[in-house]
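The two complexes that follow have chain A in common; it is paired with chain B in the first and with chain C in the second.
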Partner chain A sequence: MKILVTIKQVSSLDEDFEIREDGRDVDPDFLLHDLNEWDNYSLEEAMRLKEGPGGDGIEVVVATVGPDSTDEELRKCLAKGADRAIRVWSDELEECDAIGVSRVLAALARKEAPDLIFAGVQASDHAFGATGMAMAGLLGLPHAAVVAALEYEPGGKTAMVRRELEGGTYASVRIDCPAVLTLQLGINTPRYASLRGIKQAAQRPIELLDPASLGMPSDEIGAAGSLSRVRRMYVPEKGRAQMIAGTPAEQAARLAQIIKEFRGEA
Partner chain B sequence: MTRSPSSSPRSVAASQRHWLELLRRARASDEPFSAAALYPHASEQQRRCLEPRLFGARRDRLLLASAAFVAPAVLERLACLVDDATQRTRIARNPAAPAEALTRLWCDGARTSLAPLLARHPNTPRAILAELGEAAADLDTLCALCENTGSSSDVLATVEQRRIPVLQRLLAVNLATDGATLMALWRATDEEAVRAQILLHDHCPDTLLQTLPASPLERRCLARHARTPAALLARLAGDADVAVRRAATANPATPIAAVVASCFDTDEAVRRTVAARRDLSVTLAACLADDVDDWVRRVLARNPACPTYLLERASADPVLEVRRSVARHPACPASLLDRLSRDAATWVQAAVAYRDDLPLVVLRRLARSTDVDVLAGVGRNPMTSTSRLARLAVHECADVRRAVILNRQTPRAILRVLRQDPYPLHRALAVDHPNLTDADRWRMREDPDVQVRYRVFHHFAWRLGAAADPVPADAMQHEHHPHPAQEKMETI
Partner chain C sequence: MSGILVVGEHRKGELRPVTGELIGAAVALKAATGEPVRVAVIGEAPERYAEALKLEGVDEILTVQAVVDAFDPEIYEASVRALIAAREPSLVLLPHTIDTLGYAAPLVAGDGHGFATDVFGIARDADGWVATRAGYGQKVNVEVDFPGRETVVLTVRPGAYKPVENAGAPSVAAIAAPTVTPRSQHLGFEEPAGSDDVDIPGSEFILSIGRGVGEEDNVEQFKELADAAGATLGCSRPIADSGWLPKARQVGQSGKTAASCKLYIAMGISGSVQHMAGMKHVDTIVAVNTDPEASIFTIARYGVVGDIFEIGQELRNHL
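Here is the complex of A and B:
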């Protein structure tokens, strides 16, 4: 049995940053990289099944679409116990949106033929929340989003999932397998990698593939396979909010003055 | 710990070998922080070798400029090399930036854009702050000056002379504002928020503390002041305003006789304040022991002034937080600790487990618990046996393992296990444990976590870089703790 866990290297920003010269992204000098928080939970859920009853034969495969810097995140997953790591990349994928990434991951899933596919509900940087479900659509597999609990016996034909809905409600859903699940934070407690695991992971191979080797047609790769394109990234102009300084009396007087100005009385 | 433990030729050679290895590793590292740990302790020549790794890439300069844990020497050098506004802004905002770095930014022509940040930085030299105080035109900069803990009284006096109403309260808050300036402020305004802040200030002139103000806000601040006359405090303890009564009751200068009525105050917050007084008499404590508000009973049970016979009663309180407070009372008798260690609530047992004066038999009983809060207390307890600590050091709960690391009595053998803990924070804490030897720390120099490596490099840089370091030992001590706790300004 095989579980495919799709992961992403996400970026975070410091308080101040600059936009790239082409105006379409943040200057990479200001980006700090890490493994997407949701993906820690996805991997842990796969490891939980692998280490649980009947999980001896489970192979956990982690995969990502990204440049060589994303190897660091794949190695973190290997250090935590993943069996294999796959990275798919070519220069054309630079312009991918979430759908473009889903096409690559779907092509990889067809090749790997996993019994379950886990993805995070969303990535903390771009927050599309689309990759997992788009992948399910492309593969034509049953799917469940925002999964907060999973009951599955390795090798089983179905799984019971508890989906998190609005207003604090849950839905229990039986789903046929193979299936694609996007997992929510809190579904488990992710582990830290042991030092031994980290050292061993540093020596292990990462399989590098490109879209062509997955049999993807050229009109589905990168920008051609994407449904959106970032035209401009910008920091919105500051609004009209202002801090009113001074003593409470001064603040109240200023506030009253502003209200009068709005009413046209001042 | 001495900086150079041995001066035998073999030891010196080993130190030099280790130091050179650290330098090599720092230069080859994929992050700049290892080099930043070594830089302050390196010779001039070694610093030149480290600088390409530290400052060569803009990305690294940006990281270092905002890193509040790096040594001032790194930021000082960086301030000479920065080449854009973002890096300058980050340094000016960095609390570790030394006066030299801030002076450099000031002299580099960034006066206008960085003025508010430099005016706010506590390390900005007084001469620059004085210049800003006299010449700054924008309100942001002047506000920053008034809020700066490094502003001197003469700078604040200069700002006060500008008579800008919006700055008056900020000036009255600043700890450095002197009595003359406070008096000038008092005369310049009848704004109650400003006057209240003046009454709260340590340098408030005595003459202002002699009369009872009309506004509750001012009375509350007067009630909090340590130099308010006792007679006035006694009147404030019976004030119509609850907040004023609470402030007067909390003031240690208020005679205990004046707060007797507060034990029966209709407001529970006032009664809680009385219950916390260190000079509480046995009679007053007895009055509060059966208070309907469990928070009053909690506060009383932790108060060192609470007599033993009342602790006995509180140890049977139906509210577990009250029983927990008894377990945390500094003079809680052994018999009560024994009883509380069998309490139905593990939260109460945990409070017992943290006590250093625990009888061994009680500690052994608590060590058999399965509750992680209790076990964390046992792990933290200096009386816990080595064999028990060894078991707790491999506990599945990170909180329990961390308690063992924080236990200053944990022996080296167990720390060597915890040195391998999967949680990077635990490894970082282990580096600083006094029972870990330098040989153990040296084996941590390749740790995968950047924070742990930084601590290891920082430790050995301090130990091994002595020969290369021209900085006097006392200055080095200061650099070892670059961020002394700053006094907090008190506001109403």
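Here is the complex of A and C:
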């Protein structure tokens, strides 16, 4: 059987940054990249099934939509034990929103025909929380969002999932497979890659595809396949705490005073 | 296409507060645009929720009967699709909640509606509906529009709008329930086991720790600090996920809300949206963090840029 794990290279802002000239995004020179935090958990969950009872025959495929630089994140997954890595890209995909990305991943999933698809609940940069579930909708597959525990026997027709709700409540759900699940932080404890794994991953091939080779019609690619358009990006006026300056001892003294005021002692 | 459709959310037989907030957002937009407001509720006996939804500014309540009362993504998707077909709204407001994450994206991806999530600002201008959300870890705001889309679906951040309190007299109509054979089955709700006797919602003074504590062995000294200060020890998600403190101590969207808290000291917590959802209402928030750009400083009253271990040790000398 096959598990498809979709991942994202996320961007965070450097301490100082500038908005791009067209005002619609941050100048890419000021972006730092990493693998989305959630995706470590998705990959780990796939590896857990692969290494668990009956998991011998499981192939773990990681896939992403992104430019060359994204290979780095795919290699992190290969280093942790993923069997194959696929990257889909073409310049038109630059203008994708989350739904635009999900169309590409759905086209790839049709080609790969996995038995399970895992995606992170959301990405740490833009937090749409939409890509995995939109992919499920496009594929017409059963789906569950924000899964905090999974029980699945490889080859099984159903899986048991625990959805994490607000306020510390969980919902237990039985779901037909193949299914698309978005996985929550804390579902497992992600491993670290071994040095050997990292060295080997550097030599492994990454399969490169473009939307045309996946048979995507042009009206589904990039901006045309997206459901929103960024008009403007700006730094909002934000509240700012009153900063307590001084040495640690002085800062702590002021903090103690705040505590004592609260207790009615000062 | 006209009108604003709000889809309410309920759990275990009770409407969730975010429903009232969405109605607040819709009614404010009605004042600005003149678009009528319709509020839908989907459930096994949806009429039971109708009375509580009769709020000022609401023009019509729509009920859709479902085979189960608990959330199912495919039932909700089909029901909201039927509601959109029946009333042809230009704007649909859903709560940005766990349940909505399960069905909003599949709905819009299939039907091609305009779509944005976790929105906290909505307006309409010459380009149509415009939504504001955050990007790059809440560091920037992003204004998005939806060219060429007749219907726009937005998921709205809980806590972003004030609920409507006054009663109104809307009409009530039932919308025929679509036939769905769900491929997943809700088996029941669970509360996490293994909670100790801590009462985050009832505590007036909470000292919370986050990723900044670094490792499990460091938790104890903050437990002692909290005890010495007379505070309840809370934590952010990574601490509970790592099993360093029980889930019952987690403050935030998926944990507990610091409902009675008056003084909240956040140590080594950078301030995710999810954490802040559980404590940003607190009157006096003090944040201690090594990163002067940490989001938590945007909602704190007092900030200390510094090492939580150093500050913690110094603080012990005063308590």
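What we mean here is this: the second predicted complex is superposed on the first by the 236 of 266 C-alpha atoms of A that agree within 3 Å, B and C clash if a C-alpha of one lies under 4 Å from a C-alpha of the other, contacts with A are read in each partner's own complex, and residues count from 1 in each chain.
The rule we apply is simple: contacts are C-beta pairs under 8 Å (C-beta built on N, C-alpha and C of every residue); 3 or more make two chains touch, one makes a residue touch a chain.
These numbers were taken from a predicted model, which means no experiment stands behind them.
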| item | value |
| --- | --- |
| Partner chain(s) touched by A:Asp176 [first = chain B, second = chain C, both, neither] | second |
| Partner chain(s) touched by A:Ala249 [first = chain B, second = chain C, both, neither] | both |
| First, second, both or neither for A:Asp14, with chain B first and chain C second | first |
| Dominant toucher of chain A (residue count), chain B or chain C | C |
| First, second, both or neither for A:His126, with chain B first and chain C second | second |
| Chain B versus chain C as contact partner of A:Leu185, first or second or both or neither | second |
| Partner chain(s) touched by A:His143 [first = chain B, second = chain C, both, neither] | second |
| Touched partner set for A:Pro236, first chain B, second chain C, both or neither | second |
| Chain B and chain C footprints on chain A, overlapping residues | 15, 248-249 |
| Of all residues in chain C, those that touch chain A in their complex | 11, 16, 70-71, 73-74, 77, 96-99, 101-110, 112-118, 127, 130-131, 134-137, 139-147, 149, 183-192, 205, 229-231, 237-238, 240-242, 247-248, 250, 253-257, 262-263, 265, 273, 284-288, 293, 297-307, 310-311, 314-315, 317-319 |
| Contact footprint of chain A on chain B as seen in their complex | 58-59, 62, 66, 86, 89-90, 139, 143, 165-166, 168-169, 191-194, 420, 422-424, 447-448 |
| Chain A residues within the chain B interface of the complex | 14-18, 28-30, 191-196, 198-199, 245-250 |
| Residue ranges of chain A in contact with chain C within the complex | 11-13, 15, 19, 26, 98-99, 102-103, 121, 124-138, 142-146, 162-176, 179, 182, 185-186, 189, 227-236, 238-244, 248-249, 251-256, 258-259, 262-263 |
